[in-house]
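Note that the chains are named A, B and C in the order they appear, and that numbering of residues resets to 1 at the start of each chain.
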Amino acid sequence: MTASDNTQSMLISLEKVEKWYGAFHALKDINLTVRKGEKIVLCGPSGSGKSTLIRCINVLETIEGGRITVGGRVLDGSSKAVDAIRREVGMVFQSFNLFTHMTVLQNCALAPMRVRGMSRAEAETLARKYLERVRILDQADKYPAQLSGGQQQRVAIARALCLEPKIMLFDEPTSALDPEMVKEVLDTMISLARDGMTMICVTHEMGFARQVADRVIFMASGEIIEEAEPDVFFTSPKHERTKTFLGEILAHH
Amino acid sequence: MNYQFDFGAVFERAPELLWATLGTFGLAFAGMALALVIGVVGVIGRTSPNKIVRAPVIAFVEIVRNTPFLVQIFYIYFALPLMGIRLNPTATAIIALGINGGAYAIEIIRGGVESIGKGQVEAGYALGLHKADVFRLIVLKPALRAIYPSLTSQFIMLTLTTSVCTSIAAYELTSAAQRIESDTFRSFEVYFLVTGIYLVISTVMMGIFALISRRYFSYPTR
Amino acid sequence: MGPIGANEFLFILQGLKWTALLAIIGFIGGGVFGILIAVTRVSKSAAARAIAAAYIGLFQGTPLLMQLFVVYYGVALVGINVSAWLAVAIAFTLHASAFLGEIWRGSIQAVPKGQTEAANALGLHYVSRMKDVILPQALKISMPATIGFLVQLIKGTSLAAIVGFIELARAGQIISNQTYRPLLVFGIVGTIYFIICWPLSHFGTALEKRMAKAAR
């Protein structure tokens, strides 16, 4: 593989990233590269920095040290870089964060109109396409509060897809769901993965990780402790903390 | 009870009462407009991370909310000329109403903005929207919906409070009533009738506000 | 300009005495009638509910000052020879009963339905259900709003000054006219109101915050 191949296929890179909340060291010397089409699952105990890490990638958090590059563009703090990166990156939140005062369709059409400059008609066509994609088009004219949690989360995925992003970030997308709704959301994510989307998922759904992930990354206390392919990660974890964590997680499943 | 009611003497002054009703509306609307300006500016100060900016706003809110409007309007009435500002009683009343309503508006608006979840704002940023768009498209409507009931009932309360402006002889309904009373000596009749006018005003305002609310804020939230 | 001496200050404090008395009478009288209004407002009879709603609407939809005028002159018309003091006290009692009635109506309805059902299941009759189960809980829920209204009422007593009754605000007005020091006098009067109202407001907000936290 030549150097230029390498940079082309590399979508995200984090180099020596440091993040502080006041005196709390949230991310310590994080180094991570994600190639195009790769699926990464991030796991770890709560407070380990995994959500913070993906929030740094689309600049919902600012970093104190190191360098983040997305799609060849360095996050240099300029608003231009922020705009460009957010356009390339879709994000799905734990608590859905659908806009309560807009219908499902309006939620999805908002960014195409305001960020990509589409007309309302174009934006709504696009929105319908992705609502169909997550199989929820029949609810297009409802308000978020009228949908179940699983339906809301699928709408949130469609809303992010409407940006036609190169990368999708998932921040514990199933943690706020009732158990019977987890599957519909995971199925949507799996089908997205099959289509070749580059994904970073913070999740404790180990079945999903096994099935979809190219790499599983384990974080604790703001550090990346272990990184491996799922087979290796689940069968022969190297670190003691990983073993403890896996023991706790798998005991529940 | 051998008192003979005589509303005739009061009815003769109906035009005067109607004009004064407009005066009341004028005071209420101008006062509320000023209150909203003070409210929005005050909220920016009230939510500032800088304590030196925050403290005077908090003091202003607490002082206004814990002293009677009557004392406030007297104070302003006497204080303005000393500051070199010479205004007629009606303009003075508008300032007093605006200051009074502004203190309440600050707290109402602050509550509304705080009621918008952080997640909504983050989702907006994550979709690539800019700060102004996030505020205009995502924060504003739910915030307005959250503050609408308190803000409109505050508006009605401010409208009823305009009656106190009679104490500095501003042009409005209650001072007209007092004038008619001293001419006709039909105290009960005048005040009874004028109370009715106020009741109509507040009822109509309530109806209009409810209509607006149904029209603009009728999305389900749970 | 005249000085603000001990005499002037004493006169203002005399006014404060009447302000306090008016607020206390209005609050207690309004509280007693307010409970009746609240209970009527949630009664089974639609007619009774409508009457209570109209009573509340009347007092919430008109200026307190007008209520004072109408009651003040109305009481005189009925032919009862009452003092100005009693007339004003009646007006504040009626005013407070409507506002407290509405506040407590909301609190009664905020008591979870299961409480009524449990009381019914125990065979409690209406009076006991209200007195022993619903009202004590409603009273607790209503505390922040009730205290908030008490502050409104204390400030509202100042309007008795416009009817000619000499309480704190009117006393201030008189001294201001005598001494030509309006800013100083109204500053003092405002400070006195503030010293009474602010701790109450503060207490009410603190209570509300504590209850909101407990509910979570």
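Some observations on this one:
Just so we're on the same page, a contact is a pair of C-beta atoms (placed from the backbone, for glycine too) under 8 Å apart; a residue touches a chain by one contact, two chains touch by 3 or more.
Chain by chain, the UniProt names read as follows: B = Amino acid ABC transporter permease.
Please read these numbers as outputs of a predicted model, since none were measured by experiment.
Using the average of C-alpha coordinates as each chain's centre, A ends up farthest from subunit B.
Overall, the chain located most centrally, as judged by its C-alpha mean against the mean of all protein C-alpha atoms, is B. If each chain is reduced to the centroid of its CA atoms, subunit A and subunit B end up 47 Å from each other.
For this pair, subunit A with subunit C, the centres built from the Cα atoms lie 56 Å apart. With centres defined as mean CA coordinates, subunit C is found 21 Å away from subunit B. Residues of subunit B that touch subunit A in their complex: 117, 119-120, 122-130, 133, 137-138, 141-142, 145, 219-222. The part of subunit B that touches subunit C in the complex is made up of residues 1-3, 62-63, 65-72, 74-75, 78-79, 82, 156, 160-164, 166-167, 174, 177, 187-188, 191-192, 194-195, 198-199, 202-203, 206. Residue ranges of subunit C in contact with subunit B, taken from their complex: 57-58, 60-67, 69-70, 73-74, 76-79, 151, 155-156, 158-159, 161-162, 169, 172-173, 176, 182-183, 186-187, 189-190, 193-194, 197-198, 201.
Interface of subunit A with subunit B (complex): residues 58-60, 83, 86-87, 89-91, 93, 95, 97-102, 110-111, 114-115, 143, 145-146, 156, 159-160, 163.
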